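Here come two complexes built around chain A, the first alongside chain B, the second alongside chain C.
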Partner chain A sequence: MDFSNINWKRAAIQPGIPILLLVLVAFAPLYGSGYIVTMFTYFILYIIITVSWTIFSGATGYISLASAAFYGVGIYAAAMFGERMPFIFVIFIAGFASFVLAFIVGAITLRLRGIYFAMFTFGLVVLMKEVIHYWEITIEGTRGHFVIYQSNETIFYYLLGIFVVTIIVAYIIRRSKFGLALASIGENEEAAGHTGINVTMVKIITFAVSAIFMAAAGAVMATKLTYIDPGVAFNPMMSFSPALMAIFGGMASIYGPVAGAVIFSYLQELLMTGSLKNYYMLIFGAILVATIIYLPSGVTGLIQNLWRRFKGARSAPTRG
Partner chain B sequence: MWKKVFKYSIPLTICLILAVSAVLVAGCGGGGVEEGKTEILIGASRDITGPQAGFQAYGFAPLYKAWAEEVNAAGGIDVGGTKLPVRIIEYDDASDPAVCTRNLEKLITQDNVDFLFGPTGTAMLFAAAPIANKYHKIMLCGEGGATTLEPKLAEMPYVFSVLNYSNHFQIPVFADLIEEKGAQTVYICYMNDLHGAEYRLTAQSEFEIRGLQVLQAKSIPMSITDMDPIVKEAKDLNPDVFCMFAYPNQNILFMQTAMALDFNPKCILVGPGCNFEFFNLMFGAALEGVCGEGAWNKNSSPAAAAFAEKVTELVGMGNQDWWGAIVYQSTLEYLQQAIEEAGTLDNDKILEVYRTAHFQTTAGEMWWDIQGENGGGLLPQECYAGQIGQWQSGIFEVIDNDEHNTAPFIYPKAPWPES
Partner chain C sequence: MHLLEGEKVTKYFGGLAAVSEVDFYVDEGEIVGLIGPNGAGKTTLFNLISAALEPKPGIIKYKDKKINGLKPYKICRLGIARTFQTVKIFGNMPVIENVRVGSLFGPLVGLSTAEATKVATELLEFVGLSKVAYTPARDLTLAHQKRLEVARALATKPTLLMLDELMAGLNQTELLEAMELIKQIQKKGITIIMIEHVMKAIMGICDRIIVLHHGQKIADGTPQEVANSKTVIEVYLGETSDAGNK
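Moving on to the complex of A and B:
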């Protein structure tokens, strides 16, 4: 193997900083209060969902609103199997079930484009919610299920594990030929097809892979919620939040959705429980509208632009 | 090299700064009451802006706020010789159970509350109860209660379900009442949620045990805007009794439709909603003979009469609640006495008091029926002022066949007024 072409400095810097951050976060249960662990848990949850969403939607430009459906499948998997088998298997079952569901849905719908695809995927969330609701009320005569709870630390580390896998998969997809195919689909689907890319299959597989992490996160979070029903599992906010977070953070790199998810959920936490709690929706809405109008590349895009300007100003030739 | 450093480190640094600031902000706020306690903190995650926000005006919330004010005006609660004022911290969950659990965790782990008040509604209660139990915080549930929560209560020693509900005395009492009057057929309409499903199941089984025939049990969605098909079908089937297990909006719609289509069975049970004074203000004479879950009124006892006046002053005439208000108040009074008896804010020591102590409250003598060996608590039937009410001449009379009764059950009910 030829190691001579490797840029060792770059190789050290690029993974070094994320790993340092990861280590800092991983030790949160040791130095932080219970509330810190809970807050970080939600940060990680939203990062997983948003990065998973970006794997498919960020690259292809297809706006999927099915996240809540896949997340809900994970939650219900935990409710159904949580008492019967080791939790790690429950997470795998959740991921597999969601993969199959997304594969089937993708095969049916990924010929649709634009608003039709968004509408169909959101319809899937509503459909699943109503079907399970009908089943529980009419057939079982009750609503919802209790889920065996796990300790906050266990939930935190499970999610952290899923987070690491999600980031690695997102990175590999982005850097692989598969990722190039996705990007070219996002640029011009017809042209991508003409270059020999099996457009439909690439889209379906990516859509299905992205669903795995959402469901896995749902299965873990179910043990934190401890009681779930169709309203909790298939909450439409879980469909809209990742899209908003990704737009807020920017989708040009993996860091964008990560930053978007962290900032968004932190803001949500501050506004909902702080002194401005009565104006939460108002402020949240205003921030969102301002982001879409003034920051089309998201927060990370803004920072990169600012940095370029700053760097440009410093390196600009001076007169005289 | 520095190009690369900056390219990748800036976004990451932002994340790091946010994460660290989150740690610092979270670490700075809310704490500081662990040692040398100066107040009793009670946390509540409530629906302040969501679909059940109305309960903030006429449910548990106005009563616990008034109770805290009253306690503080008297100098606070005596905790082992020191009087501590009560402060309530409320967060909004907009009836989202996921937000509710998150709020509760913040209240417990960040704000360090001593006790919890329950969220708004039965489904939310399901979400909140395991959290209270997980963190060993006594929770007084407010609006809501469910049959399916009962077996779980045995494993949740910190959860105390306050309200009466379907099988927790209301429907069995109602079934006895209509059976005694010779009713033979029933039509059930219910909301397709946990509340409706449980009332329907309990009603169906209680009625069938007594030999009453359930002609139809039909579910309706929360968003229903037209009750005509249901009322027309019910009218065709001509039941002796019509039960409507839905929420105020749907119940109001039913009442209007029943009057418009002149559907007037011998007995109508409508709730929740019928137990609020605004139902009386809205329907007036048309409400004569209509039954609802509850119940108490000014005639229940002198203490109840005084309390009714106080509540009317507090929430306004229309928001008077003839089902839950007196129970909420009494369980708050119980909590205060339990803390004083225990002489500490240690939840486990207060739990010991809850398991055995009887205290005098506005509703009379109160104690808890502990579930399982050392589980959570339900109130026994004797501690409620009544189970079923019937509007008679503008008063929500208690018609239970026991010592709580304030008026006899009128059967059949009066026809709808001609106007």
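Moving on to the complex of A and C:
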């Protein structure tokens, strides 16, 4: 084998930095305060939701606003099964239920395009919320459910585990033959179909897979809430956040949605706790509008461009 | 047995019959030209064969098996590949990746990744795009994008290749190159149906020509027969046309 053209420095740094960061974050409960752990928990939560949103919507360009529905399914799974079985099974049930729901919804709606698809998927969130609300009031005669308690550290580590799985799955999909099919669908769906790709199946399966992680995260986060009702579980913000974070971070690489989720949720934290809390939505909106106008490929796109310009300037003479 | 056969193929868009009771056939090894004025239903017929649309009513048979009602990806895997009138490439992917998609998903038995790369490299060589293999496809010229579509279609290992206006918008040199390319493809043993407005190309390389007008077939024969047909001259070629008089 010829090893001479492997860039060893690059090979060491590329996975090295993320793994180092992961280890640092993983030990946060040992050195950090409770506040730090909670903040990291939310960072990881939003990374999971945003990355899994990007698996489908980033690749295909179909903007899904169903994230809150899948997240809510996870929350309800925790409420229903949390007391009856070990928590790890609850997470699996949440993921499976969400996969089935997304598969069915995908089969019905993925013939819709553009704004129609976005509207319908958002409709799913409202539908789930209303149906469960009706069920609770008229059939169970209650409103909401209690969820078993878990310590902050337990929640943190469960989420960290889901986070690692999500990133690995997202990475494998991106690099695989399946990911190539998905990317061609995003580029030109008609041509993809005529080139031998089973467009419908690829779209539905990806949509369903991306829903698994959202529900798993929902199941874990439910234990933090201890009491839930349909209004809490199916909060529309959970649909908008991943889309906004992914656009903000950029979707060209896997780092984009991660960076977007972390920066956005930190910003949210800063604005909501600081003296600007009354203007939080206003500032938030302004940043987003500015991103869409001036940074069409997101924050990571901006950094990449700057880096290329910097490197280009250094190597310009040799290129002649 | 014909390779491809259509019986009373019909497609309505609202009240308009875009293609109306068209009978046609294509034999193995032929180059068949499909001509007619704008709006005659040529591209619609292509869409019907490649299953982008479904004929209602009508039957399309490929190797004696009915193929209407199948999904486009199935048609492709059966061995019918196509290009598009307005190019539909995967613009943000490198050129070679466009072709790899074809060889990974198009054949009935998909290739391994390594084989797919090898096939893609060979096909880029064949259509003359080796130099731009790693350029994003959107940066190519129109002539090259059309060649890329041909390479992607060939990567799916077709028996029948449908070319939708491969020559439109090309200059004189590119035109001659495109004609040469089509002849080379025929030499590989691939049957071709092509929609074209460039009469010189059609008359020069087609074995047989089918003429559509208002969705109906008005002529079907050798280039000479079609060029001398009174109806064809009236509706399409025009009185002063010198088509076919080489």
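We take it that the second predicted complex is superposed on the first by the 306 of 320 C-alpha atoms of A that agree within 3 Å, B and C clash if a C-alpha of one lies under 4 Å from a C-alpha of the other, contacts with A are read in each partner's own complex, and residues count from 1 in each chain.
Following the convention adopted for this analysis, contacts are C-beta pairs under 8 Å (C-beta built on N, C-alpha and C of every residue); 3 or more make two chains touch, one makes a residue touch a chain.
Here the structure is a predicted model, which means the values were calculated and not measured.
K.L.:
Which of the two partners, first being chain B and second being chain C, lies in contact with A:Gly256: first, second, both, or neither?
P.N.:
Touch status of A:Gly256: first partner only.
K.L.:
Just chain B (first), just chain C (second), both, or neither: which does A:Ala183 touch?
P.N.:
In the superposed model, A:Ala183 contacts chain C only, not chain B.
K.L.:
Taking the superposition on A as described, I'd like to know which of chain B and chain C A:Tyr71 touches: first, second, both or neither.
P.N.:
In the superposition, A:Tyr71 touches no partner, neither chain B nor chain C.
K.L.:
Just chain B (first), just chain C (second), both, or neither: which does A:Phe120 touch?
P.N.:
neither
K.L.:
Pick one for A:His194: touches chain B only (first), chain C only (second), both, or neither.
P.N.:
After superposing on A, A:His194 lies in contact with chain C but is clear of chain B.
K.L.:
So in the complex, which bits of chain C are touching chain A?
P.N.:
So the residues of chain C in touch with chain A come to 50, 52, 71-73, 75-77, 81-82, 84, 88-93, 97, 100-102, 104-107, 113, 152-153, 156.
K.L.:
Can you list the residues on chain A that touch chain C in the complex?
P.N.:
177, 180-181, 183-184, 187-188, 190-200
K.L.:
So in the complex, the part of chain B that touches chain A is made up of which residues?
P.N.:
1, 4-6, 8-12, 14-16, 18-19, 22-23, 25-27, 48-49, 91-92, 96-99, 101-103, 105-106, 108-110, 123, 126-127, 129-131, 134, 148, 152, 192-194, 196-198, 200-201, 219
K.L.:
Where on chain A is chain B touching in the complex?
P.N.:
9-10, 13-14, 17-18, 21, 24-25, 28, 32-36, 38-40, 42-43, 133-134, 136-138, 141-144, 146, 149, 224-229, 231-232, 235, 237, 253, 255-256, 258-259, 262-263, 266, 270, 272-273, 277-278, 280-281, 299-300, 303-304, 307
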